[in-house]
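The chains carry the letters A, B, C and D, assigned in the order they are written, with residues numbered from 1 in each.
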Amino acid sequence: MIRVQPDDFDVSTEIARLSDGRTDIGAIVTFTGTVRGGANDSAGAITSMTLEHYPGMTEKELARIETEANARWPLQGTTIIHRIGELNPGDNIVLVVTASRHRRAAFEAAEFLMDYLKTRATFWKKETAADGSGDWVDARDADEAVLARWKK
Amino acid sequence: MIRVQPDDFDVSTEIARLSDGRTDIGAIVTFTGTVRGGANDSAGAITSMTLEHYPGMTEKELARIETEANARWPLQGTTIIHRIGELNPGDNIVLVVTASRHRRAAFEAAEFLMDYLKTRATFWKKETAADGSGDWVDARDADEAVLARWKK
Amino acid sequence: MTGKLLYFAWVREKIGKGEELVDLPGDVSDVAQLISWLKTRGPEYEHAFERADIIRTAIDQTHVKPDARITDAREIAFFPPVTGG
Amino acid sequence: MTGKLLYFAWVREKIGKGEELVDLPGDVSDVAQLISWLKTRGPEYEHAFERADIIRTAIDQTHVKPDARITDAREIAFFPPVTGG
């Protein structure tokens, strides 16, 4: 399931949505990404962050990534939720949930979804510093590099 | 934080316990292990599962594993909760939560905690089948084998 | 040919708009040629596409390379490397 | 020497108790020797330690190998490979 929304999410609620009433799941992994006060390691403190995206393409790209994860691992369910709009330090940005019979598949699929989301999903972050100046976050080469792990 | 308890846990509550009011966390990974209806791949349907443990040693062993994870990765917090007593298919068994600045550390530490918990923490599962017969779950050699990954 | 162009993040800010319809010259047939042509349209475009090597392109909501043909495109989007998650 | 022994899971079920205090002979100084001696104490012990190679041991709540010395042990626990998580 894919959702792009300004609203916050609740991890337990999303786990329940995937697993309630089922007895064929043995492992559920969640990843929550949050806004850090000094979001770029090089930058100073930020007061807020604005997330822009490409409506339509974002959802398609997330669906492609989700389909690919389901082709690679035996999964009982997957959820990707990404927030847009203005967020503050400590706020949730993104949630990935994976459910499988076994822990290895759930862990690997969650990492795969995050690695691909980071490099393919059409979101852009702009940080606002304490002095009011705004800066678009630069993409990290490291995010692109980790994809090599899944090219097999 | 380590807890061994008969009671269920709530994932969102445990995430909040680690992260509320903090802006230095960027990534939170949770792993939830649940009782499958056919818990051993080879066995038939089970109606319940009983978890026995070694009071005192279990908590010490979990604390050792947690300390080791914190020595290996830069973590902002870790939680391990393991249930004991009688559980039913679909019930939660174990929760691991890791919080870090970056996603790779949070993912790796969570997998490490689960891999070591599976092979070192003194818990034993007994399954009750539909016909009332009880069977102690055999340890999986695969669980021991995955530890090789962390020997470096 | 009339093309629908979309711009996001700092590409959008530099050009000063998020979307426009343009009449494309007949000799513009791939992404790289389209960028070269856009840069001739004014200083804001020149500025936005100054670092053309790092700008990403999507045709009809799918990531493409600079040599991708644009002939049948319904919408073409330009944006910086993504930074979600 | 008097030793406190603990048994868990099917080791406990086969022996029929979870805990006991035993007087250890003076020539029993490591885990392997302790297991050999326990097997002489009755059919339930023989049965429980039949697959001695897969039984795990902890001395004072720390995992140990079969050659671990038991001389200073306060409590010694025997159990199958763990199956938590």
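Quick note on the criterion: contacts are C-beta pairs under 8 Å (C-beta built on N, C-alpha and C of every residue); 3 or more make two chains touch, one makes a residue touch a chain.
If you're wondering where the values come from, they're calculated on a predicted model, not measured in any experiment.
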{"item": "Chains touching both subunit B and subunit D, listed by label", "value": "none"}
{"item": "Length of the line joining the C-alpha centres of subunit B and subunit C, rounded to whole Å", "value": "49"}
{"item": "Cα-centroid distance, subunit C relative to subunit D, in whole angstrom", "value": "73"}
{"item": "Between subunit A and subunit C, centroid-to-centroid distance (C-alpha), Å", "value": "26"}
{"item": "Multi-partner residues of subunit A (at least 2 other chains)", "value": "33, 103, 114"}
{"item": "Subunit C, residues touching no fewer than two other chains", "value": "85"}
{"item": "Every chain pair in contact, whichever chains are involved", "value": "A-B, A-C, B-D"}
{"item": "Residues of subunit D touching subunit B in the complex", "value": "6, 8-10, 58, 61-63, 77, 79-85"}
{"item": "Residue numbers on subunit B that touch subunit D, as the complex places them", "value": "33, 51-54, 56-57, 60-61, 82, 93-94, 114, 117-126, 136-139"}
{"item": "Residues of subunit A touching subunit B in the complex", "value": "10-13, 15, 19, 21-37, 39, 89-90, 101, 103-104, 106-107, 110-111, 114, 146"}
